[in-house]
Amino acid sequence: MKVIIENTIDEMSMTAMQHLLGYMYRHKRVNLSITGGTTPGRMYEMLVPMVKGKDCFSNVHYYNFDEIPYRAENREGVTISGLRSAFFTPADIAEDNIHVLNQYNYTSQDERIAADGGLDMILLGVGADGHYCGNLPGTTHFGDKTVKVACDDRIKNRLAEEFEGVTEHIPDYYITMGPRSIMDAGSLVMIASGTKKAGIVKQLVDGIVDEAVPATLLTLHPRFTLIVDKDAASLL
Amino acid sequence: MKVIIENTIDEMSMTAMQHLLGYMYRHKRVNLSITGGTTPGRMYEMLVPMVKGKDCFSNVHYYNFDEIPYRAENREGVTISGLRSAFFTPADIAEDNIHVLNQYNYTSQDERIAADGGLDMILLGVGADGHYCGNLPGTTHFGDKTVKVACDDRIKNRLAEEFEGVTEHIPDYYITMGPRSIMDAGSLVMIASGTKKAGIVKQLVDGIVDEAVPATLLTLHPRFTLIVDKDAASLL
Amino acid sequence: MKVIIENTIDEMSMTAMQHLLGYMYRHKRVNLSITGGTTPGRMYEMLVPMVKGKDCFSNVHYYNFDEIPYRAENREGVTISGLRSAFFTPADIAEDNIHVLNQYNYTSQDERIAADGGLDMILLGVGADGHYCGNLPGTTHFGDKTVKVACDDRIKNRLAEEFEGVTEHIPDYYITMGPRSIMDAGSLVMIASGTKKAGIVKQLVDGIVDEAVPATLLTLHPRFTLIVDKDAASLL
Amino acid sequence: MKVIIENTIDEMSMTAMQHLLGYMYRHKRVNLSITGGTTPGRMYEMLVPMVKGKDCFSNVHYYNFDEIPYRAENREGVTISGLRSAFFTPADIAEDNIHVLNQYNYTSQDERIAADGGLDMILLGVGADGHYCGNLPGTTHFGDKTVKVACDDRIKNRLAEEFEGVTEHIPDYYITMGPRSIMDAGSLVMIASGTKKAGIVKQLVDGIVDEAVPATLLTLHPRFTLIVDKDAASLL
């Protein structure tokens, strides 16, 4: 586990982007899985102008690591939609380089990734409760691969926010790469910012591994890097 | 997780040796940690004539991953003694390339390995109870690095065999790299043979990760290979 | 450059096979290019029983690095035919894992390999004149990628042997990955046996790089291993 | 060969820095060799504040790839002095992480680097004449390792600039890692800016490899990246 503490969310975003670019500049095909959500927002703002229109990134492929489908299944899910608007669309990433995950193809996700050479790196956020991707406490076990998770009321309540409160959009299940699939990547980079992440960051650095706090497992990956801002590091 | 099933212990030993050689032939410094005990005995018999006197292996370094000291501390411990007689001495490995672990230096083991570039590969056995190195059920937690483990009576009884029943040799503690230190290696290769390992091999392949069965964690390493003979695979 | 000297062609073949297996056992997709001809004959005899019917090698893909087409183009060329009979057919390699190179697809060879993740390793022989693949002295330059080489009379005379003297089979051109394409692989392993290779082996080890002796360039690859028997090493 | 064209020297410097950081952020010991001179000046200005005082870079080691000693040998040479003032001193790099090359230790340079695990990356500039490090046209051959080069009058005239015209400082020889030593690194990154580099950049991209233009060899390295600004790319 490598821990990098930056002063501000801007510096954290820049350092995260530099990690990402370190993989993107490789010569051969590069397979990445990158997080949506709010934490990486500033990073994508910095990254877009560096990537847009550059031939040297044509060998970089992107794989979704989770998906929350809309109940009415006639539109793309929340995760891919967020990634498109934050990065893929403004950076003009070719559709051929975007590998979506959804309720129709999730059972072959691990196999498809292996056939394509495996993921070189996954960039993840972490929740205050220790969740990452769709691995919320109590939903997946350390040994799980890519799975469909049934949404109970507790989860549906949490998902309400993703659907801006439009409850008829909230689905009965979502898809996520499980702990085993995530651990199979070449490298893991996790980002966290803000004081409400200070508790989970302390737990990760303390190093107790506990299935009730899913992200603690990832600290055992041989190339796990945690990049945080000062607020998220305030309990260290 | 990659699982390789061989017909006999001889073929399993050859395949394990080929994995080992795949690392040993690398161009730059190679850091390995290899298991003692009975399972790899045949493998070392095959390996010794291939390694002895060969200049091309002078860049290979060996690090112990555990040690059971003699109570009277004026002699080397059980693990290093076993490795010397099975491999280091008959293969003429230079003393400079052997990095012992003991009660005097264990607190700096993880740091020394990192400064030397990390372990490229660890070759491990597994017990019927799921233990590996000195990570017996109930002794270490998934998050532990290299530690000193106090021996209670249960453990002392188990150790009696290592000391051929000479109970005054049995120590009050032993040393082991913990799960976190083991997971930090570049690759893990685990070997198992015989029907008494069939149960644990099934558990490993089934993929449920449980601290009560320590080796189940290692299946989450991005480069974990399990090599077994037909008897050990009989429950798959 | 790493040089490994073995006593006999059998030991050289075993060591070459172990190098090959070190790559073949990897977890993710592995792309190899392996040599035909007489030098590796014994190696393939050893390798076939180790590979045939083993699921754990289903991620290994094979790419031809050269091809001498028959003049009448209604049959496969000399190189792929040789590899099929020495290894692919007896080892039951799936057709999907065999990527042929020929006069119809050679212009996209480098691009296809890059899209598939690059070659992890190339196993090569070497001629007494320093040629490797179809890079005969005077045919390609160090900077060349995959090319079609026109056959002048000198080359046609040399090729006669490949066609067992049936001169109407000898083509007007052949295909080869050039020095630049070969150097682009992750690792290079070269094998040589017998006293008639002693001169070129000495040149390789001496380390003078000269386009008139094509293989001398390969010694500059960061992971170049030369495996020879005692006869081939007799001038060292 | 990967070619990256940036609009300005500032963007080129940032991209070069990102390549460097991609290696510096690795978990285990990282061995780098980085260029002095004028081309990387802006890059070091950007890099210093990102590195200074950061614990996460304590595993990064720096090895000089050439040295021009002062004739009076009681002071450090031109290369290390330049690197100290541009980067090591302002970034507070620990003396233990700086591995100088000089007239007293050059014969063991290649061996020391190998024992330390090899160079992970070399960042190089290129001269309009195709020289890199001290590999000026006519001084070293493709097969050379680290060597001492005698300075004839032509070279002494060129060196005058390095010594600001103080001719009594100009030495009779200098030290450089040769082409073979440079090619042995894990990755090579070359930077060039300005119209006077446009000719050599065109030669590198055209891909003819010629000992009279030393840097052309480096394009054959399996991980060679060339980063240039628009002016240096103006002939492409």
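Per-chain numbering from 1; labels A, B, C and D assigned in written order.
We adopt the following convention: a residue touches a chain if its C-beta (ideal position, glycine included) is under 8 Å from a C-beta of that chain, and two chains touch if they have at least 3 such contacts.
Protein identities per chain, from UniProt: A, B, C, D = 6-phosphogluconolactonase.
Keep in mind it's a predicted model, so treat the numbers as computed, not measured.
Comparing the chain pairs A-C and B-C, the larger number of C-beta pairs in contact belongs to B-C. Residues touching across the chain C and chain D pair largely coincide in numbering: over half of the numbers involved belong to both copies. Taking the mean of C-alpha positions as each chain's centre, the chain lying farthest from the centre of chain B is D.
Taking each chain's centre as the mean of its C-alpha atoms, chain B lies 37 Å from chain C.
Taking each chain's centre as the average of its CA atoms, chain A and chain C sit 42 Å apart. Residue numbers of chain B whose C-beta contacts span two or more other chains: 27, 222. If you check the complex, the residues on chain B that touch chain A are 141-143, 179-180, 183-186, 207-209, 216-217, 219-222. If you check the complex, the residues on chain A that touch chain D are 2-4, 18-19, 21-23, 25, 27, 54, 56, 222-223, 225. Of all residues in chain C, those touching chain A in their complex are 27-29, 59, 114-118.
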